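Shared between the two complexes below is subunit A, which has subunit B as its partner in the first and subunit C in the second.
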Partner chain A sequence: MSGKLLDVKELYTSFYTHLGEVQAIRGVSFHLDKGEALGIVGESGSGKSVTSLSVMKLLQYPGKVKSGQIMFKGEDLVPKSNKEMMSIRGDQIAMIFQDPMTSLNPVYTIGNQIMEAVIKHQGLSKSEARAKAIEMLTLVGIPSPEQRVDNFPHEFSGGMRQRAMIAIALSCQPDLLIADEPTTALDVTIQAQILELLKELKDKVNTAIILITHDLGVVADVCSRIVVMYGGLIMEEGSAEDVFYNPTHPYTMGLIKSIPRLDLNEKHRLIPIPGTPPDLLNPPTGCPFATRCPYAMQVCVKEAPKFYVTNEGHRAACWLLDPEAPKVETTGGVKRGDK
Partner chain B sequence: MGKYVVRRLISMVITLWFVITITFFLMHSIPGGPFSREKALPEKVLEALNEKYHLNDPLWKQYVDYLQGVVVLDFGPSFSRPGIFVWDKIQEGFPISAKVGGIASLLVILFGVPAGIISALYQNKAPDYLVTILATLGVAVPSFVVATLYIYVFAEKLGWAPAYGLEEIKSYVGPCLALAGFSLSFVARLSRSSLLEVMQQDYIRTARAKGLSEFRVIFKHALKNSLIPVITYMGPTIASILTGSFVIEKIFAIPGMGKLFVESVGNRDYTMIMGTTIFYAAFAIFMIFIVDIAYGIIDPRIKLGD
Partner chain C sequence: MAEKEVLLEVKNLKKYFKVDKGIIRRNIKYVKAVDDISFKIYKGETLGLVGESGCGKSTTGRTIIRLYDVTDGEVIFDGAEIGQMSEHELKPFRKRIQMIFQDPYASLNTRMTVSDIIGEPLDIHGLASGQDRQMKIFELLERVGLSKMHASRYPHEFSGGQRQRIGIARALAVDPDFIICDEPISALDVSIQAQVVNMLEDLQNEFGLTYLFIAHDLSMVKHISDRIGVMYLGKMAEIAESNALYEKPLHPYTQALLSAIPIPDPEVTRAKQRIILEGDVPSPINPPSGCRFRTRCIYAFDKCKEIEPELKEVEPEHFVACHLMDEKV
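Presenting the complex of A and B:
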């Protein structure tokens, strides 16, 4: 296992709907070291949330992990029963979700919802659990936590609710925190605060983080490594440095071009990626991005590219990287200099 | 909370006053009166009767007199049954209706809600189909059909229970089942759909992500949230079940409130109509009040008071 906390190998997840099998994830492999922060980036429907729910084994019916391995601390989670997963969920792997407004139960106090997890996993008594809840609220920066612990979710603002969610998630000191679009539903200033908090707590609690987002700007700050997903496949994977400054996949380049930049002095246009993601009910045989790719070749539609390693830990699935591919001038990557 | 209760009590009295006023004037605006018969009464007799019951007074005076009576629970004498007072009649009929209705209400709560929960937990499996079919039948088949079938099968053919009256404990089975049938089925369907909806909520996923057992997820996190629409329906339903059903009381020959109410309308028995209507309205208003209090207990987002 060699220090790998999570090692996902050739994961296939499908939803068996009445229309047919929707192949949401089609062979995804990535890993995560202890204490590392990994960003999974992709647009809606790319399979990033399904990946995280597969790891938690919280896929809703009719979703199912079809094949593959999810090695967590050397143990495969795929064959585990729901009962076995219950002692892992919340204790060793915790998760926070996109919308803090709806992710907390409106009829129980914040304290109650934090205490629940620690009572279950750490066997604390009620009063110990309450002290723990107050401690967690302090940790995530909720003011006057002794009073706030008895508040109901509707008495918290959106940002505070996400802080409370983080408090719940980290209450049992999990080895892995999966944050599924934790800032998408929040306004920009609160977004920055929550990201700052995640970054700070990552080191304090020494937990590894998988940060799932459609916003490259969000991962840039927190994550050391980035996985770019599209159409249920990984397009590119590498260190944050590589992915931002030397993207090798046209999809990553497209994503970067569509981020607004405020730090550059020159004017520049935001360039959207035209088209829509592929239909995963009938996934394309070739590269899923081929129909939207400005550099697409005939081979791209016919056959899915394999991964080409461009340098240590940086790989991308694109035919352009094949030695036989014609050399094209690609432009992408974040412009350096002004920052 | 105390302030809220006082405010609500005041508004309840005002609501009731509206009900009294509207019923009173509607009733008097319908042509004919309590003493209109196919064979007209002699002029002199009619005159004397109208005089006796103050029906010759101007309408506003009758209204004011009536209101004064209501305040001290004096609903006047029955017009169609000489010598009988409305309040006595209500006091006689209500406990009987309430006894049958109370059992029926318990059936609704004890079987309707669990049936809905089971149905939701086994969504699209055998128990769900069974509950859904029974509940659809229960909603679709009118209570008088249930009552008649019950009498035919259990009283007439099998002889297990008496066909009428409330002499034995067994006698309660038929009326209670017939009375509860519709609401029980409706509550089952309501709890099912409400629970299914709640189970899709994000906070249920959060609860699962915490590693809670499915039992805790359902009975702690989902159930309380799913009860709100059920309670909303329950309040007025219990009020109407407790005050009796004319059809069922007629079929099983039970001398309850429902029978009293419908017969009084047929007889144009002004005081009896007023009395039973006010009683029913007051009861319904009170039950809605209870429902609102229950909301405040279940859902902290609903603030009672100030």
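Presenting the complex of A and C:
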């Protein structure tokens, strides 16, 4: 077995709605090493959240993993029963969600919700579990945890609720933490607190993190490797440096160009990506980005490109990288040492 | 440069919301959402208003356009005090001030066609009827990047970005001078945000519009605004020209806010020195005495607890409300 903690191979997930099959994920492969922080970036509908729900096997009806493998520590999670997953979820893989207000149970105290996980997975007694709950609240920086442990979620502020969520998620020392837009509902100063906490805990607890977000700034800050998704497919994957300084996919370039930089002073116009994302009820046969791509060729509409590896660990699905493709001058990416 | 003309002046604006409690609905407390703020907006400029949730930035916008009644203070638009006007007196001003809302799903009536939505302000103000009205609607649709054939459709048939365009077309229908944009892009995807922001900039140039741009995304606000006001807990903490605010933030809150924003550049953002604020924003029902920010401020000293700092012009066009400024002087 290699050092891969998670290895997702050719994952297809669809939602069978009354309108037809919505192909949310259409063949996604990526992996994650132990203790690594991977960022999955994309817009709404790109399939980033469905990917994480598929890994957790938390897809709700009518969603279903159609095919593919999700190898976690060498074992495939796809055929596992719900009962088997229950012993993995919370214990080995934990998840934090975007909205801490709705993902905590309002009728149980914060302490109870942390204790639930450790009693179930680690077989601690009630008093041990309570001590553990206090320890976890201390770890995530909740002031006066001995009192706070008996509070209900409504007595916590948004940032503190997200800290409590992180405390629950990390209470069993999971190997993998999936954070789905963990800071989107929070204010920037609170976001900074939570990101700082995640970075600190990653090293302390040695948990691998998958951070799902639409905010390029957040991934640049936290993640060492980045997967860019669009229309249910991976467009580009590489180290944070590769993706930001040397993007090879026009979508990644477009994304970087369309956001303003706080630290740059020149007033230039933003360069938007024209058009709208594809409809996954009738996904395009070719590259999903072809209709919005400034460099689109005929082949892009006809056939989906395969991955081209540009350097070690950096790959992108774009026909422009084919040796036979015409050479075009693409501009994009962050200039190193800008500022 | 010619003397800048003031289009809107807000003087000591206050907006309190009652909190009723008990069976006889006794009025116990007030939420001081906006508590004594003053600022000016010049003709043709964009003033950005930033701050965290609950700081009163949206309430400020909604009070200016009189969606809320003014508790105290003045709103002077083009020389006329509109803060205390009756609905009837206000009508001509309603035509000149328009608003674009955050949620493009909630701000359009689902039972009206696009043509009715955009036509409604024309009807209310009696600006066009019959053929003219139809032409005007088509014109507006095209101006915001939609087409004639969209006129007979309903809002649910559009994506978030397209709905926001419909909202903008509706605001433009009455040829306003001043538009309040309340988080117009927060609900949109990253790649669509730039489309809408560019369009707002184009429209401003074309029609000479003045914007009050309310948002929490400081990077976008800095991009679009000429000047920026930073609010904290119902107060204006700092107001300055946007580059000056970024280059030389003077209020400790502005400094923390700016340092908290992650930059989409791995090397820059990881090297960035962050000021991590402790704790959360206090409740606006019971704000701290003196300076509202003192409970989270690393520089707070005795005076901050006792006396509320006033918004003072520290440098030309750079206003700050902080006692540290006096100390330095």
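Note that in this section the second predicted complex is superposed on the first by the 336 of 339 C-alpha atoms of A that agree within 3 Å, B and C clash if a C-alpha of one lies under 4 Å from a C-alpha of the other, contacts with A are read in each partner's own complex, and residues count from 1 in each chain.
Methods note: a residue touches a chain if its C-beta (ideal position, glycine included) is under 8 Å from a C-beta of that chain, and two chains touch if they have at least 3 such contacts.
These numbers were taken from a predicted model, which means no experiment stands behind them.
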{"item": "When subunit B and subunit C are modelled together on subunit A, clash or fit", "value": "fit"}
{"item": "Partner chain(s) touched by A:334 [first = subunit B, second = subunit C, both, neither]", "value": "second"}
{"item": "Of subunit C and subunit B, partner touching more subunit A residues", "value": "C"}
{"item": "First (subunit B), second (subunit C), both or neither touched by A:254", "value": "second"}
{"item": "Which superposed partner A:218 touches (first subunit B, second subunit C, both, neither)", "value": "second"}
{"item": "Partner chain in contact with A:160 - subunit B first, subunit C second, else both or neither", "value": "second"}
{"item": "Angle at the Cα centre of subunit A, taken between the Cα centres of subunit B and subunit C once the superposition is applied, in steps of 10 degrees", "value": "70"}
{"item": "Gap in Å between nearest CA atoms once subunit C and subunit B share a frame through chain A", "value": "7"}
{"item": "Residues on subunit A lying within both footprints (that of subunit B and that of subunit C)", "value": "none"}
{"item": "Subunit A residues within the subunit B interface of the complex", "value": "56, 58, 82, 85-91, 94-95, 97, 99, 102-108, 113, 116-117, 120-121, 152, 154, 165, 168-169"}
{"item": "Residues of subunit C that touch subunit A when the two form their complex", "value": "52-53, 159, 161-162, 189-195, 197-198, 201, 216, 218-220, 222-223, 243, 246-247, 256-270, 274, 276-277, 279-281"}
{"item": "Partner subunit C, residues of subunit A touching it in the complex", "value": "43-44, 143, 157-160, 187-193, 195-196, 214-218, 220-221, 240-241, 244-245, 254-256, 258-263, 265, 267, 269-274, 276-277, 334, 336-339"}
{"item": "Subunit A-facing residues of subunit B, complex", "value": "201-203, 205-214, 220-221, 224-225, 298-301"}
